[in-house]
Amino acid sequence: MKGSRRSFLKSSAALGTVAGASAIGGFPQLLIKDANAQSQPWVKKGGTIKVGVLFSLTGSLAVVETDSNQVVQFAIDKINKAGGIMGMKVEPVIIDAKSDIKVYSEKISQLILKDRVIATFGGYTSASRRAMAPIVMSRDHLLYYPTCYEGRECTQNIVNTGPLANQHSQDLIPFMVKNFGKKVYFVGSNYIWPKESNKNAKVWLEKAGGELLGEEYVELGGSDFTSIFNKIRQTKPDFIFSTVVGDSDIALHKQFKQEGFKVDKMPIAALTTGEIEIRAMGAEFGAGHFLSAPYFEALDTPTNKKFVDEYLSSKYGKGGVTHYNMEETYLSVYAFKAAFEKAAAKAGSVEAVTPRMLRDVTPGIRIEDDVSPEGLVWFDETCHLYMKPKIGQCGGDGQFKIVQAAKEHIAPDPFVIYPERGVCKFDGLHTKDGKILKSVL
Amino acid sequence: MALLELKGVTKAYDQLKVVDNFDLKVHRGELRCLLGPNGAGKTTTIDLITGRQKITGGVISLEGSVITHWPEHMRVRAGLSRKFQVPAVFKGLTVRQNLEAAFTRHTNPVRNMFVFRDREARERVEEVALRVNLASRLGVRADFLSHGETQWLEIGMVLTQNPRILLMDEPTAGMTVQETHRTGEIFNTLKGTHTLLVVEHDMGFVRQIADRVTVMHMGRFLAEGTIEEIERNEDVKRVYLGGGKHHAHA
Amino acid sequence: MLTLEHVTSYYGNTPILQDVSFTLNEGDLLSVVGRNGVGKTTLARTIMGLTTRTTGAIRVRDVDVSTLPTHQRAASGIGYIPQGRGILPKFSVRENILLGTFARKDRAEQVPPNVLELFPYLADNLDKRAGTLSGGQAQQLAIARALATDPKLLILDEPTEGIQPNIVEQIQELVIRLNRELGLTVILVEQNVEFAKEAGTRFLIMDKGAIAAEGDIDALTDALIDRHLTI
Amino acid sequence: MSVNHFWTAFAFEPFMNALLIGLSMASIWLIAALGLAIVYGTMGVINMAHGEFVMLGAYTTYLLQSAFGLPFLLCVPCAFLIVAAIGAIIEKLLIRHLYKRPLDTLLATWGLSLVLVQGVRLMVGPEPKNVASPAFLNASMQFWVFELSWFRVFIFGVTIAAFVVTWWLLQKTRVGLMVRAVTQNKEIAAAHGIDAGRVYTLTFAYGAGLAGLAGAMFGAIKNVFPDMGAGYIVEAFLVVVVGGVGSLAGSLVSALGLGEIYSVFAYFTNGTFAKFWLFLLVVIFLRFRPQGLFSEALARR
Amino acid sequence: MSNPYHNPKAQWAAYLVFFTVLACVPLMVENTFTVNLLARFLVLGMLALSVSLVWGYGGILSLGQGIAFGLAAYGMGMTMQMQAQDPENMPIPSFMLTNELTELPALWEPFWHAPTGIALALIVPTLFFAALGTIMFQARVAGVFVAIVTLAMLSAWYSMAFDMQPYTAGFNGISPPNPLQLGGYSVDPYSATAYWIALACLTALTLGLKALLHSKFGLIIQAVREDPERARFLGYSVAAYQVSVFTLSGFVAAVAGVLWVMIVQYVSPTALEVSFSVTMVIWAAVGGRMSLIGAIIGAFLVNGMQSFLGDELLYGFLLVLGGLFIVIVRFLPNGLAGLLESVLGRFGKRAASSDAGGPV
C-alpha cells in the first residue's frame, strides 16, 4: 500500500492532461456533424443498393419477426431476379436484433453510420420502433415500419405499411354489434398499441350504438386470464374485442375454451389473431373467432395465390403459412422500390438519392393489384397506406373465411382521435395555432 | 469495583440450562482462567458476555455500566474484545489488513472512507505483529497461515483493539507444544497492563499464565482460587477424571 | 482388525492429527484418553473419513479404506457414535435406528430385534421424537443406531459426556457388555479415566495430535495419567 | 359497471370466484415451486434453471404428442421421467461440483438456463408449439356461485397429488428417510451408510421431474416456447422463500397465501398492479421473517 | 513471493494505461457508430463496476442493480423529454395525452429544469438503495436471500414501469426526440464528446472506488465480506457498512443509467428486466469480480462479443455465453483477473529475484 496516495495523485494529474488534450481536439464534435457523411452518395452508380433488415431472429420476438425477415429477403430476391431496381441489385444487410430493445437501438445506428444503408426495414413492436426512431430522425434517415401501429406520431422519417389503429376496427365493431349484440368487453395487452386501438374502437362502438362493459389489460407475455374471465363472466358481453398480442393471445384463446365459453355465443373479435397465431394455438382454439386485417392467406385473388405459392415453395417459406404482418412487410419492399425509382428519376441520378428523398416521394405511390397481395393500396401524404381492411372468421382448418370486405379504401389518420393536437401533413404536425411541428413522437 | 461482573447469569434452551446462575468478577489488570470439562458452559458464558447469544437471565456489567442487552458491536466499542474458539480471521485478507481492520479508532463507515494512511494504526500493527510473532508474515494472506499462526493472528487482532478486557476462547487450541509455550509468553507480557479472561484446557498453559482460576461444571460455578488451590481441590479432580460416579456439586 | 499407518489428518490445511500409527486386534476395547483438544475426536472422525483430507493408510481387515467415502466405510463394518451423539432430533426413535440399516450388508429394512432387546426403553418409545429424549436416552439411541449397522468395529466418542450421573453408569456397563458379551471390537474415546481403565483392554494417550503413549490397560499408570491428563 | 375506473367494486359472486382463482393460481405456483423447494431445502442449491426444466417438460409433452401421438394424460408422467433424467445428468456434470458455493450455483444455473433455452431454440425452433389437451378438460361446470374450469381442476388435482406423493415419499419411504437424514445431518447420514452424493442426484432429478410435470400442464393452458420458463421463476422463488427453506408445508401455505393475495388484488385493481404489491409485500415480510413462515431462525446466513 | 498483480504501483499504472488508451480511442476511430458503440460499452462497464463493488468487494450478491440503473435512466429520459417540450405549445409529452392526462403530473414537474432532473435521477435511486439496504441488512438478510429480495424488488419495479403508463409510457418507453442540451451545447450521442463524458465519469468512479478500496472503509467492507461476525466483534456495525457499500453501488449504477440515456436517447422497462441485471453479474464474473478493471473489461468482452461475434454466430451466441459462464463459475471463480493473478504469480515467483517492481 506504500505510496498509493502519491501515485494516485500522479495518475489523476496525468489523466487530466490527456483528457484535456483530447478535449481540445474534440470540441468541434459537440455540434452534430454529418457533413462528410452527406457528401458521399448513399448509392454508387454500378454498385448495389444496400438496405438494412433489422428483425429479431432470436428471443421472444423471433416468432413473428423471423417471418418478416424471410419475406423481405424473398421480395428482394424476387426484385433482383427481375433485374433489380434500375438495373442495380438490392443488397440486404441482415442483422439479428435478438429481441432486445438495446440491440435495436445499437444496430440501427450501425446500419446507418457504418453500413450506410439507404433505408431499413425493421421492427414489429412499438417499443422497437421507439428505440430506433431517435437515431433515424436525428440522421434524417428512413425506416420502413411494416406492421400495424397506433398512430399519434407525425414524423418525416418513417414509412408505415401496416394499418393504423383507425383503419382496423372501423368495420369490425359495427359488424360484430350487428351480428352478435351490443355489449362488448375489451381485452388487451398492457401497452400503448392496444390502448390506442381501443380508443379508436370506442369511437366506432359509439357510432354503432354498442355498449362497453369493461376494459382489461394483461401484462405483456402474461398468460393467466382467469381473473379477466371472471369479470367477463359476470358482465355477460355479447362479444369480446381483443388486442392481446403474442404468447398472451394464444393463452387467451386456449383459456377461453377451457373456461367453458362458447365461441358461437360470445366470439372474440381480434385485431391480432392471424394465421400464425392460430397455428401456434391449434386450430380448434381459434375456430369461430374473428379477425380484422387487410390481408388473409385465404384471400381469393390471382396475385395472392401466386404470392402464397411462390413464397411457400421458396427457401424462405418453411413456416408453411402467410399472414397479414408478413404481407405488410412484403409491401414495404415494393414501396421502397417504387420510391427509389421515383426519386432517382426526380434527382436525375441514383447517386443523388438520399434516404429523406425516398420518403418525400413516397406520398402518392400506388402498389397495384398485380403486385399487392391484398389488392391496390396507396400512400397518403403522411406515408401511411390507404387500404381495405377485411373481416375473416377462422375455420376448423386454421384458415380464415372472409365474411366482409370494406367497399372503399379507408383513409389513414394518425391523429383522428386527437383533433385538438392538430393534423398530420406532409411536412409535419399542423397545430391549431398554425405552427408546424416536426418529428412528433 | 470489578472491571467485569456477572451476576446470576443464566442461559437456557427450553429446560436445559447451559449456564446456570453463574457469578464472576474480573478485576483490572488480572489474568483469569476459566476452566471446566467439555459442556461446562465456558464458551456460552463468553458468548453471553459479548452478546453473541441472547441471555435468559442475570446481569452483566462492565465498569459499572450494565451491558446485558446491548448489541454486539456496542459492547466491543465499550471495551470488550473476544477471540473465538475456532479462530475467526478474515481469510481473504493479508495479516496486515487483518490487524489494520482490528484497529478500530473510528467505526463510522463514512468517516473511514477518508482514512487512508493512519500512522498510529501502522505503528500499532507493527508493534502487535512483533508481539505475536507475525512481523515477518505481514504480507501473507491469512488463509496461507498455519493453524498456530492463525490463532496468533486473532490474538493479535484482539490486542490491536486495545480493549479494556480481552476474552480469549481457547487461544491455544490446535497449537503445537512450542507454539503453546510461545503463546504463554505472549500472555505473560500482557499481565498487569491488560485484563484477560481466558478459557483453556491445556493445563500446562494455564500453569504458565494464570493468576486466578475459576472452574465451571455443568453451567455452574465449581471452584475458584490460585492454580495450586485448584489442583488440590477434590471436586475439581473428580469432575475432570472421575466423570459421573460421585458427583459432588449441589 | 484395524491398522493405522502414518496417518496425518487435516481440517482445511491444518493438520490436526499427525503421523498416527497403531494396530487393534479383534475383540479389543481401546480406550483413547487425553485432554480436551488433543485430537481424540479427530482420530475417530479420521477413521470414519469425516476430515478434509488424510494421508497414510487405514486398514480394516486388510482392506485399505482410507480412500473410500464415509458411507462405504460404514458399510465395511464400522459403527460410529459421534461426540454429542448426533441424534437427528426431527426423526422419531424408529427412524433414527432405521438410519443404521442403510449400512447393513443383508439389506434388512427393519429395526433389528436384537437391538430392541438391548434397549427396552427405546423399544417402548419407537414413535417418540428423538429431539425430546434425555441425554442418556439419546446416547442409548445413538448406540442402538450404530448397532443397527451390524458393525464389527464400534467407535464411541465420549459416550458419557453431559449425561446425568445415574445414567452414566448404565451406559458404562453397556459399553463393556458390547465388548465382552457381544464380542465387538471397540474404540472408546473417553475423558473419564476411571471408566477408561475399567472398560479398556488397551489404551492410547493422545497429546497435541499425536500418540503420547499406548499399551495394555495395565500399563496406564498414575504417573502417565498425571503427566498427560490431570491438572 | 363503469369503465376505466381503477378500482373494481366488491360484488359477492365474482369475489368468491376471485378467491377460487386464487386457489388455482396457488396450485400453479405451488407445482412450479415444489421442485425448487425440495432441491433448495435438501441441497441448499438455488436452481435458476428451474424454469427451464418447466420448459423442457412442456417440450417433452409437445414432442411426445406430435411425434408419437401419445395422449396428453400419458405425456404428463413421461415428462416427469424424461426431465428427471435430464436433471440427473445435469447434477452429475455440473451441480455436484458447486456444493458449498450457493452463490456460485445460483450463477452457474443461470448460465445453464441460457444454454437450455438457446439449445431448445436451435433444435426445435423459436416458434411456439401447441400442446393439445383432451376435449373433456376443455369445459367448465357450475357449482353454486363458482365456475370451475375442468382444466384448472385438473391442475389443482395434479398439484395436490404431486404434493401428497412428495410428502409420502419423504415421510414414509426409505428413500425419503435417506433424503431427510442427509438434509438434517450429512455427516451422520454418511456415517451410517448413506451415499449423500446419490441422494443429491436423486433429489435434484426429482425436483427437475416435478418441474417437467408442471411444464406438461402449463403447455396446455398457454404455449410452448423456449423462453417460457422465465415467466415462473420469480414467483416460484418467492413461494419457496416465503414458505421457509426445507418446509413443504411452508411452501403450501405460502403458495396459498400469495395466490389469494394476488387474485384479490387483481380483482380489485389489475394483474400488473397486483404483482407489484405482491412483490413489495414479500420484501417487507422478509424484513421481519427472513427465515420464512415455517422455518426456524437459522437460515439467515 | 511478490506477485506483480498485487503491487499497488503496478495496479495504478495499469489503471493509468487502461484509461489513457480508452481516452485515445475516438482519435483513432473515424466511424461515429463505433464511437457511440464504445461509449455504450463504457456505460455497461460502469454497471459491471458497480457489481464488482457490491458483490466482489462487499460480498453482497445483488441481482437488483438494474433498479438503480433503470430509475436513473427514467429520470434522465424525463429530463431530456422535457427539454424537447415547450411550456406554451406542447406542455406535456404526447404519450400522456394518450393516457388521458391533460396536465403535467407533479412527478414530472421538477424535470423542466434539467440540472434538477439529472440530480434527481442520481439521488432518488441512491436513496432507494439506502432504504432497501437498511431494510435488508438490519434484519441481517444475507447470501442468496439478498439475491432473491433484490430480484423481487426489481420485478416489482419492472411491473410498475409497465403499468404506470401515464407516467412512464409503459412498454414503449420514452424516446426524447433531441439529444441532451447542456449549457447551450447539444451533446450528440455519436460524437467523441459523448464518449469522453462517459469515459470521464467511468474514470472518476473507477479511480474513486479504487482509492476508496484502499481506505479503511475499503478494508472493512472486505472484512465484512470475509466474516461479518468477526467484524461485528471488532466493534463495527456490519449493517452500516453493508448499507454504505450497497448504496454506493446503487449510485454507480445510477450514473450509468443517466449516461446510458444520454447516449441512446431512449429508456424503456427493459432497463429493469431481470435478465439484464443478471447479465451485469455475468460481466463482472467473467472479468473478475474482485477487480474493478477486470469487471469493466468483462463487460467490454461480453458485449463486444455480442456486437461483433454475434452477427457471425447469430444463433449460437447465447449458447456460447451460457457455456462460457458455466465454465468460468466452475473453474475460474475470480474470472479473467483471477487467471491473470495466478499467471503473474507464477511469473513473479520466477522473476522475484531479478525484478521487484513487476511489469507495468
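Order of writing sets the chain letters: A, B, C, D and E. Residues in each chain are counted from 1.
Everything below uses one rule, namely that a residue touches a chain if its C-beta (ideal position, glycine included) is under 8 Å from a C-beta of that chain, and two chains touch if they have at least 3 such contacts.
As the structure is a prediction and not an experimental result, all values here were calculated from the model.
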{"item": "Shared interface partners, meaning chains that touch chain D and chain E", "value": "A"}
{"item": "Farthest chain relative to chain A (centres taken as mean CA coordinates)", "value": "C"}
{"item": "Taking each chain's C-alpha mean as its centre, the one farthest from chain E", "value": "C"}
{"item": "Pair of chains joined by more contacts [C-beta pairs], B-C or A-D", "value": "A-D"}
{"item": "Gap in Å, rounded to a whole number, between the CA centres of chain E and chain C", "value": "56"}
{"item": "Whole-Å gap separating chain C and chain D, where each centre is the average of the chain's CA atoms", "value": "43"}
{"item": "Distance between the centres, which are taken as Cα means, of chain D and chain B, whole angstrom", "value": "48"}
{"item": "Distance from chain B to chain A - Cα centre to Cα centre, in angstrom", "value": "73"}
{"item": "Where chain C touches two or more other chains, by residue", "value": "none"}
{"item": "Two or more partner chains touched - positions in chain A", "value": "1, 4, 57-58, 190, 219"}
{"item": "Two or more partner chains touched - positions in chain D", "value": "4, 118, 121, 270, 272, 275"}
{"item": "Sites on chain B touched by chain C in the complex", "value": "35, 37-39, 143, 146-147, 150, 170, 173-177, 201-203, 206, 218, 230-231, 236-237, 240-245, 247"}
{"item": "Chain E partner contacts - residues on chain B that touch it in the complex", "value": "50, 52, 72-73, 76-77, 81-82, 84, 88-93, 97-98, 100-102, 104, 106-110, 112-116, 118, 139, 157, 161"}
{"item": "Touch list for chain E against partner chain D, complex", "value": "61, 100, 132, 135-136, 139-145, 147-149, 151-153, 155-156, 159-160, 162-163, 228, 274-275, 278, 281-282, 285, 315-319, 321-326, 329-330, 333"}
{"item": "Touching residues on chain E, where the partner in the complex is chain B", "value": "1, 211-212, 214-217, 219-220, 222-223, 225-227, 229-238, 240-241, 244"}
{"item": "Complex contacts: residues of chain C adjacent to chain B", "value": "13-16, 35-37, 158, 160-166, 168-169, 191-195, 208-209, 225, 229-231"}
